[in-house]
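Here subunit A shows up in two complexes: once beside subunit B, once beside subunit C.
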Partner chain A sequence: MAIGESQTELDDGPAGEIGDDGFEADVGWRYTLRKIKGDATARFGLYVIIVVLAVSLVTGIDSNLERLTLGRYEDFVLAEAILSHPEHLPPPGETERRLPPAFAEEGSWAHPLGTDQNGRDYLTRLIYGTQVSVFVGIVATLIGLVGGTIIGAISGYYGGWVDDVLMRAVETLYAIPPLVLVIVFTVFVSGNDPDIIYAVFGVGIAFIPVFARLIRSRVLSVREMDYVEAARAAGVKDRDILRRHVIPNSFAPVLVLATLYIGVTILIVAGLSFLGYGAQPPTADWGEMLRVAHQYMHANPWMSIWPGIAILVTIMGFNLFGDGLQDALDPRIK
Partner chain B sequence: MGLLRYTIRRLLQAIPVMFGIAVITFILVNATPGDPVDYMVAEELASEELIAAIEERYGLDEPLHIRFLHYLGFSWILEALGVPGFQDSPTGLLQGDLGLSMYYDRPVSELMWTRLPPTLLLMISAFAFAIATAVPLGVLAARRRNKPTDHISRIVALVGVSTPSFWIGIMLIIIFGVLLGWLPTGRLVYPWRPPAHYGYTGYPELFYQTIRHLLLPMVALGTLQMATIMRVERSSMIESFQKDYVTLARAYGVPERTIMRKHAFRVSQLPVITLVGLNLTSAIGGAVLIEEVFAINGMGRLIIQAIGTLDYQLVLGTTVVIGFVFVIGVIITDIAYAYVDPRVSYGEER
Partner chain C sequence: MTDTLLEVTDLKTHFFTERGVVRAVDGISFDVRPGEIVGLVGESGAGKSVATTSIMRLVDDPGQIVSGEIEFAGSTIVGFDEADGELVPREEMLSNADMRRQIRGNEIAIIFQDPMESLNPVYSVGAQVREFIELNRDLSGGEATEEAIEMLRRVGIPEAEDRYDEYPHQFSGGMRQRVLIAMALGCRPRLIIADEPTTALDVTVEGQILELVRDLQAEFDTSFVWVTHDMGVVAELCDRVNVMYLGKIVEQGPIDDIFYNTKHPYTEALLSSIPRPDRTVAELDPIEGTMPSARNPPRGCRFHPRCPDAREACTRIDPEFYDVSDGAGVQYSACIKHADVGYWDSEPFDGQRLEQPP
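Right after this comes the complex of A and B.
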């Protein structure tokens, strides 16, 4: 996970020079974008992200048909199908369950990646899984980002006992492994009725410490700047100083971390779903698909391959782009 | 300030964090709507007497703050204040008593002691694998910067940080277990058990089997660690190769190997040490998943089982202990850091 690295690097300094006097020619969004354009790997990461986002917007592919004819996960769906659309049902006993992909023996191009244990088309489910992952990655990271920014900025700006209390609280949260913390959160807050939305909030909260620590370390240097001093002398309210001066000027490294953490979030929620505490069936989610595939590991190894590749590619896109962003924002590198 | 005083100070600093871990976990576990007892007793069997008896046995009939004080092991304060109850089990967290598991009806600490060794075996071997592969590869990549070796190692690192460990585990099982049939696909053989327990002829076979069983989960859990360590090792080595004293040593004609050994390598290990400490949490999370994939009965599976059965005390105990282990792990890495780097001042860190 890129966490450890980005933390050590971002926490104590390299990115610290950004925005300081003397680097003005080398900062700003336009410069950053130009630098990323010149960085082939970052560009590749960006393309991957764009493709993933585009795929996540795809809806309505055959979903109705799929649900009716092949979705035998719940009896009532079958019953509904028999009642309303009998023409879509395959002949009894011929549901094509756990079909291998098209290029393997016994595969068919009707289901390019084969079918799952209920005979649902695997490619369709994989595409729908993109929605869940993108949603999870972005929303959970946003929760961590917003929560962490508020806590970190207040902590760094006021200092003193406020800082002590908030930082101890944040360290505490950081000490419990996110996966365990989120499962406990999901199960106990939902009253043993886990759902992806609890997982998203849990992961978001679990990552508040990471963002809070980073922004605090930035705020500590920004608050000593002349313009903050000037604003204070002019009688601007603390809240406005924080909002207009301190947070915007501390934000660049946080954005980099957020990009990298979208990947980490997707990874953790996939793990949660794999253990059965994230997305619940019949939702198409990569982690949940792997949970089922694990049970059919011997009978149909194909099922285990695709969701993992989907996760790998998505996270790799965010990692490449995040690394590129980090390099572009770090004046020390080249 | 000496190393000893530094150690003591770090330990003291950890106390509020450990207390906080207990508070957070306690609040979370108690956030559940309804009562743990509701989940324990089937609805048809639930009678008022039964529920009352269970609540009394596990101390659930007391208000939350009193239960928390009791859980921490401050029963004597309660007694001094004249709050009744809890005479039957006056110990708590402070005394190393984590309460009674509702599902197993055994002390939580006893359950954890039986489940901890497999997890430790798994995690230590995963970190050993990660360090043993990542450090040489990182050094090599740094020395051949922007050459094919470097690019390959960067790709490996990138894929490593982007791949879910449990998926690597599943793939390894499919390839080496199912398709090739070379390695066992689940459970571990524990080297501390007598060989006869598994029907082996002697210790050599026992150790051989231990390694065979450990290989796949070790790689699955260690890959992420390997990737992150390799990235840091590489950038750290590149940085120290660019230091003035390295340039100076080169100018003096000091052999490259000596520069590596004496000037560049040791300093470059500092960020790696920090990273290993910070990565403990992700490794524990990974261990939960890997134990599930490989059916290893360690701590991770214990937590998952505890959550699955809503075994309130067990969830509380395992989470709190894991948090403590992490805090202690970070302190140990901090101390190791101070030990390796003579420049670290013990006075002000952070």
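Right after this comes the complex of A and C.
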């Protein structure tokens, strides 16, 4: 009887391993990663992200970081000593300004990517800029993700007037162009003393609506699932139903969007820095570097090109990975 | 009243939609005694599921319990008092928080229809059984885990310790249904509402599950309300049956009386539409037409547009619940054949058979 039937089933092995049935949707991290491994562009994106994260971590644990980002000349020379051949180093403080990259006619391998208008090594600044960008991308996206998830999940789960109030508020926020919103936010909160942290919070808040709307739409369907009804019928508290049952099952598209939005926030904060509302000199930030560089566009175009490439590659990495993640998490698109 | 566990009296649950009031449950009364399996049978849309969610007080907007009483083992789940011609919830009615803490899961558990949808795909099966047990019984985390494994074993899941950590997608439909039963029974409720739990399963598995439920029922002495559209399941499992049609119970009685001494044309029609090996499809006797909308139910007896025995009187008289067991008070039928209200004198009902009244 009962036992016999289940025995034959066990002989087949766990159904999840079969996977070819077509109707058995596979889940889990291992499966997702396996799928991404099979996808060349997503794999490329993953490698870019790993490199970017590694670079930012390495610079993060370097105790010299704070001194280096302050930007005194001797500190940059110290960094030069680490990154290039010490024997080529000019005396401290005497580095040539706006040196072209090494492969150009007047370049030197002491500064593989040249120097900036103050004679600081460009490669070093680019590398330190990675840390700012990763911090900006992750923190701002997290703010949007957490805020949006809470608002959207509550809104979608409870419905009614709660939904109306929250979603109208969110839509009001959504109607304002993010750049304008962030600039206003920065100016107000910082008292006209902009800093990257305000930009990060501003962008994070500006992206709350995107996440809130996405997760709400998912929650609307997930809350009708029988397991949510079953949890209610078993006397689980609303808060626990949201936390344990509704949100985890609504989260996949949000995760994809977050990955894509790390790239977007990096771009937007770089734009803010370019406008002077983000990172302030002497912080090594790609957007800030671009802002300075555009004044020397004719004299030394390389100063604009390098941070541009860094931004491009990083964002591309996150986008490719995000696309791959989407394909992996959505079984309908093969 | 002491021998009644659940008593539902004249329960009405209506849905207030923009296109009118849907009378999904329109005055049903039934009771469940300890250790009994009571069937709630009817076609899709008869209001069976709404009736069960009303018992749990989990009716979603725009649905509302508008009147009636539900008593469960001395506590009032639903009750109204009349004040100034309006019905106001009675004071001793359990608050929402009390419902959650005392009744849901603890005293009454539900097993849902679709085993594929009733388990959360992101948690292991064992964790879900444990969550419900932990919530509804005074057990520490470790004890709850052991109890969860024990319950999985009790419902016939082999190698329960290993399968505890597996995910729902690694279980077959029948196995998942067993898990749902383990989840419900693990909370040690006094009443389990089973909402068409075997409908999604194939017949062999259904048989096993029914057998399992019968065994466990005897072992744990839990009462069941078994919601189904399948008279076959009812015959196999239930002690007493309530037949529902369009928001009302049309016949109520012990299983044998319902099957062998059928007193309502609808029950008769249901019974003769069961597929049987000795009859081909052509010989089946399906009920004509479809169930009318509960938004605008037919006047008189709600079944008259489809009833083979309908007479003119049926269109006028709203039938009450008539005792058809010679005053023994065990079997009731809501058909005016069994009352002295002029059925036998009136003309047979014909014409506009399936039309909706204006």
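One rule holds for everything that comes next: the second predicted complex is superposed on the first by the 272 of 334 C-alpha atoms of A that agree within 3 Å, B and C clash if a C-alpha of one lies under 4 Å from a C-alpha of the other, contacts with A are read in each partner's own complex, and residues count from 1 in each chain.
By definition in this document, a residue touches a chain if its C-beta (ideal position, glycine included) is under 8 Å from a C-beta of that chain, and two chains touch if they have at least 3 such contacts.
Since the model is a prediction, treat every value here as computed from it, not as a measurement.
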Exercise for review: State whether A:V236 touches subunit B only (first), subunit C only (second), both chains, or neither.
Suggested key: second
Review point. So, does A:N319 touch the first partner subunit B, the second partner subunit C, both, or neither?
Key: first
Exercise for review: State whether A:Y227 touches subunit B only (first), subunit C only (second), both chains, or neither.
Suggested key: second
Exercise for review: Pick one for A:F188: touches subunit B only (first), subunit C only (second), both, or neither.
Suggested key: first
Review point. Which partner does A:E106 contact after superposing on A: first (subunit B), second (subunit C), both, neither?
Key: neither
Point to revise | subunit C-contacting residues of subunit A that also contact subunit B | key: 1-3, 5, 7, 9
Review point. In their shared complex, at which residues does subunit A touch subunit C?
Key: 1-3, 5-7, 9-10, 14-16, 24-28, 159-160, 225-227, 229-237, 244-245, 248-249
Review point. Which of the residues in subunit B come into contact with subunit A in the complex?
Key: 16-17, 20-21, 23-25, 28-34, 39, 158-159, 161-164, 166-167, 170-171, 173-174, 178-179, 224, 228, 231-232, 235, 271, 274-275, 278-279, 281-282, 284-285, 288-289, 292-293, 303-304, 307, 310, 315, 318-319, 322-323, 326-327, 330
Point to revise | Contact set on subunit A toward subunit B in their complex | key: 1-5, 7-9, 168-169, 171-181, 183-185, 187-189, 191-192, 263, 267-268, 270-271, 274-275, 277, 287, 290, 293-294, 297-298, 301, 304-305, 307-308, 311-312, 315-316, 319-320
Study note, to complete from the structure: Contacts from subunit C onto subunit A in the complex sit at residues 56, 58, 61, 99-101, 103-106, 109-110, 112-114, 117-123, 131-132, 135-136, 156-159, 166-167, 169-172, 174-175, 180, 183, 187, 204-205, 208, 211-212
